[in-house]
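Look for subunit A in each of the two complexes below; its partner is subunit B in the first and subunit C in the second.
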Partner chain A sequence: MNLAVFGKFAAVSFQKEITYRFDYFMAVLNGFLYIFVFTALWRALYAQGAGAGGFSAAGITAYAIMAMAIRISFSMDDTTIAIKVRDGSIATDLIRPVSFFMMNMAQCAGFSAFHTLARGVPILIFSIFLFKVDIPFTARGTALGLLSLVMGYLILFMLNYLFGLIAFWIIEVFPFQLMKYGLLNLLGGSVIPVDLFPASMKPFLALLPFQHIFYTPAAILIGHATPERALVMLTEQAAWVGIMGAASLLFWNAAKSRLVIQGG
Partner chain B sequence: MRYHLGMAYTIEAQNLVKTFTVNESGKGLLGAVKALFSTKKRIVHAVENVSFGIRQGEFVGYVGENGAGKSTTIKILTGILVPTGGVARVNGVVPYENRRDNSKNIGVVFGQRTQLWWDLPVRESFEILRVIYRVSKGDFDAMMARLTKGLGLDGLMEMPVRKLSLGQRMRCDIAASLVHRPTVLFLDEPTIGLDVLAKENIRSFLRELNGKDGTTIILTTHDMNDIEQLCKRLIILDKGRVIHDGPTEELKKRFPHDKIIEVDFESELASLPLVPELEPIRREGKKMWLRHAHDSSGLALAIGKLASLYPVKDLSVREPSVEIIIRSIYEKTAALPGYAPVEKAAK
Partner chain C sequence: METLKIYATLALLSVRARMEYKASFLLFLVAIFFFYLAQLGLLIVVLARFKEIHGWRTGEIAFLFGLATFSQGFTTLFFNALVNFDQMLIQGEFDRTLVRPLSPLGQVVFSRFEASTVAHFFLGTAALYYGAKYSGIEWSLKKDLFLPFVIVGGVMIQSATRLAVSAVAFWTLRNSSLVHIVVFSSREFILYPVSIYNHGVQFFLTFLFPIAFVNFYPAQYFLDKTGENLFHPALQMATPLVGAILFALSLYVWKRGIGHYQSSGS
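For the complex of A and B:
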């Protein structure tokens, strides 16, 4: 898929998101609500005694805001594949000379681009001033953080893609989506930074990609991860991008021969 | 039949088989998880052993009853479905192995669903397709001018797709399948649900596309007028197998002495058969179609017998239509016990 086609698909889903204005305002409110709740919670907890997970009270507030802003920016419609399989409209995607994976990614990118520009970035900027958060922006840290954001985004996209492909086997994918949300909320780092998990859980976390979705980019962007640690985390992230990319390819090859077009 | 291995075909199907395994999934999370490990499966044989070869420039009707495997074959040839067995090639490309290469050369229309972008104006959908298929601006404008004229798209371009009527949408869908000038066009029930005028517009456009451009067209339909007016060749499918393949004209010659008698009775009749020489093939209320399968010398006598025994209001004698011939091919295996198949045929 060339850039023009990718851009076209992205632009179409970006435009589509603009049309839902009520949804947008509700989502902005929702985003702020989450940030208020979590910053208040962390401040109260850290007022008792700072230091857990290597965070100061100000540090954990910065983390909560950054992680939530990333989560908002990474908004994706993870139901599209299942819906397309369920109603058979996947047939019209497959008659196009474009890769199914790339087409989904382009559409997803357009969707997320809207939520990044319209919600993620404004909420981040507003919250930084509102909570007087001090984020040490360095050129190196920001560059590594942006790289980590891109990889985190790819991991989340591929996670949704793989869960979406389950629909080729089982039409009712909602229970699997629930399981995914549970794991993502618990282990992804958007609610609880990974540092706060007991040491005994760390090897288990390393076997899963979730922490590299929100935790890794947030920790690098707010300067919580030391430069050496940041490089290790980026390497792990890159490995996960590779693993999930390979899984997406294998899973798609298995899925396409399983496809049944519903409704003729 | 008409398929010979090794000849230069634009579309070829060799012993195509498609078997679906349908998992019977239970309810809720537990049911869904169980379904992962369960062995409760239902096997559906959609296409059992289909072979044919179609040359460049042919206009082929691909017909069969619902569930005969028409759409499944089309979806294999367009690369959407992977066959369980056999080989398919379109322009020498195996569609399900090189789906993207194949889709550059083909146009596809599914009458039952649109390929346009539902919320966008029609013009936007065409623009997206132009980018996807990498059509140059000049080629695109020339093709659009032609499609707009040929399919009467004036005034539709600025409308959102969801506001189009079925007939308007279908014309736009056909135009959308041709933006990249494919050499092969697959039409899966393109006239379904359309009124006579809309069907006629589409037919004359397709006739021109096939005649002037030499586009190979494969058409599935339930409308026998589509077949009679457009398709020079007919492939008939039944229960996943090809049961007939040949020129549409030849099919008509298959029963040269057959005559179809359309009878309007005064009242609905209760018993069948009426007269031994006349085979009932279709019934709609007081109207009935009967076939006289013998030499035409006995025809007058049989009609006389019918008129003397039953209250005939009106009667006409015709050559068998393609629809009736196709029906008789289907029903060769299933004879006509009483009313049952006649009722089925009357839909």
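For the complex of A and C:
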């Protein structure tokens, strides 16, 4: 798929998101609601035990805001594949001369671009002033952080893609999505940074890609990860992008041969 | 009496329809259970590290979680249909209930009884039991008698908020984002003791969007938490009253909504 086609798909889904203004304001409110809850929670917790997980009270607030802004920016519509399989419109996608994977990614990218520009960035800037957060932005940290953001986004996209492909086997994908949300909330780092998990759980967490979705980019961007640590985390992230990419390819090939279009 | 029988039949039918696809139902049950367990996991990780949240120890936080989840179970059982209520309006499904000689709300509620809510009851009961045990609640006759009232009050508060935001769809047709924020995101607030928030948020959760009465205030009473009265100690006993008032208000909004409603035409 060339860049022009990718851009076209992305632009269409970007446009679609602009249409619903009421939904947009509600979503902004929702973002602030979460930031209010978690900054209050961390303020209370760090008043009784500062320094946990290597964060200061100000540091954990910066983390909470950054992680939530990333999560908001990474908004995706993860229901499209299942809906297309259910109503059979996936047949049209299959005869298109573009890769199904890339088409989905383009649509997701357009969707997320809207939420990044219209929600994630404004909420981040506003919260930094509201909570008087000091984030020590450095050129190197920001560059590595942006790289990490792109990889985190790819991992989340492929995770959603793989869960979407379940629809080729089981039409009812919602229960699986629900379990995915549970895991993402718990392990993704948008609520609790991985540093605060009990040490005994960390090897288990390393076997899963979740921490590289929100935790890794947030920790690098706010300067919580030391430069050496950041490089290690980026390498792990890159490995996960490779693993998830291979899994996406394998599952897509298996799914394609399973597909039965229901008449109607 | 006749009406009750019809409602019971409707409810039974909706449960049986849900059970028709057993594997799908079981899968759904497991998923809900898993989701809330993950949410509980967040609390466990925090408590393992910090031992307490603003003076509330593990057992007490479990009690909070239990009250919220248990009353949410009842709310979901009755009012789950309202989560997608705007779709019922948009597709014209709601119009059918208007031409029948029964309360439209009753029909909506009883035709979509949500059996999967057993997951809430199971988790809620377990959390309440564990919470009560490990926080060393000193039960008294007064507390025993008050508990069911608190549950009913909590259910009425949560149901009232659902009913009121669903009624918004009578005016706007689309309201799914509003439902999402009121029904699901707001739960996040009351997983933690309300005393951690600043005064503005505390005021909001007490007087404007009073979900703090679902678990926080009554839990203060049951756990004998003195010394952190937010506005007035009497609030600890106010859950049933707040529930009754809110529910009556939301029914009024719903009635006004039906009065205003014009079919989408589809």
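To be clear about the criterion, the second predicted complex is superposed on the first by the 263 of 264 C-alpha atoms of A that agree within 3 Å, B and C clash if a C-alpha of one lies under 4 Å from a C-alpha of the other, contacts with A are read in each partner's own complex, and residues count from 1 in each chain.
Note that in this section contacts are C-beta pairs under 8 Å (C-beta built on N, C-alpha and C of every residue); 3 or more make two chains touch, one makes a residue touch a chain.
Quick caveat, the model's predicted, so the values are computed rather than measured.
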Quiz item: First (subunit B), second (subunit C), both or neither: which does A:S99 touch?
Solution: first
Quiz item: Which partner does A:L196 contact after superposing on A: first (subunit B), second (subunit C), both, neither?
Solution: second
Practice problem: Mind working out whether A:L183 is in touch with subunit B, subunit C, both or neither, as first, second, both or neither? | Solution: second
Quiz item: When the two structures are overlaid on chain A, which partner does A:E172 contact: first (subunit B), second (subunit C), both, or neither?
Solution: both
Quiz item: Which partner does A:F22 contact after superposing on A: first (subunit B), second (subunit C), both, neither?
Solution: second
Quiz prompt | On subunit A, the residue positions that both subunit B and subunit C contact, one per complex | solution = 172, 175-176, 178
Self-check item: Touching residues on subunit A, where the partner in the complex is subunit C
Solution: 20, 22-23, 26-27, 29-30, 33-34, 36-37, 40-41, 43-45, 48-49, 52-53, 172, 174-176, 178-179, 181-183, 185-186, 191-192, 196-198
Exercise. Spell out the part of subunit A that touches subunit B in their complex, as residue ranges.
Key: 2, 4-5, 8-9, 12, 16, 19, 88-92, 94-99, 169-173, 175-176, 178, 256-257, 259-261, 263-264
Quiz item: Residues of subunit C touching subunit A in their complex?
Solution: 24, 27-28, 30-32, 34-39, 41-42, 45-46, 48-54, 172, 174, 176-178, 180-181, 185-186, 188-189, 192, 196-198, 201
Quiz item: Okay, in this complex, where on subunit B does subunit A touch?
Solution: 20, 22-23, 25, 28-29, 31-33, 35-36, 71, 75, 78-82, 96, 99-101, 103-104, 106, 108, 110, 112-115, 117, 119-120, 124, 128, 131-134
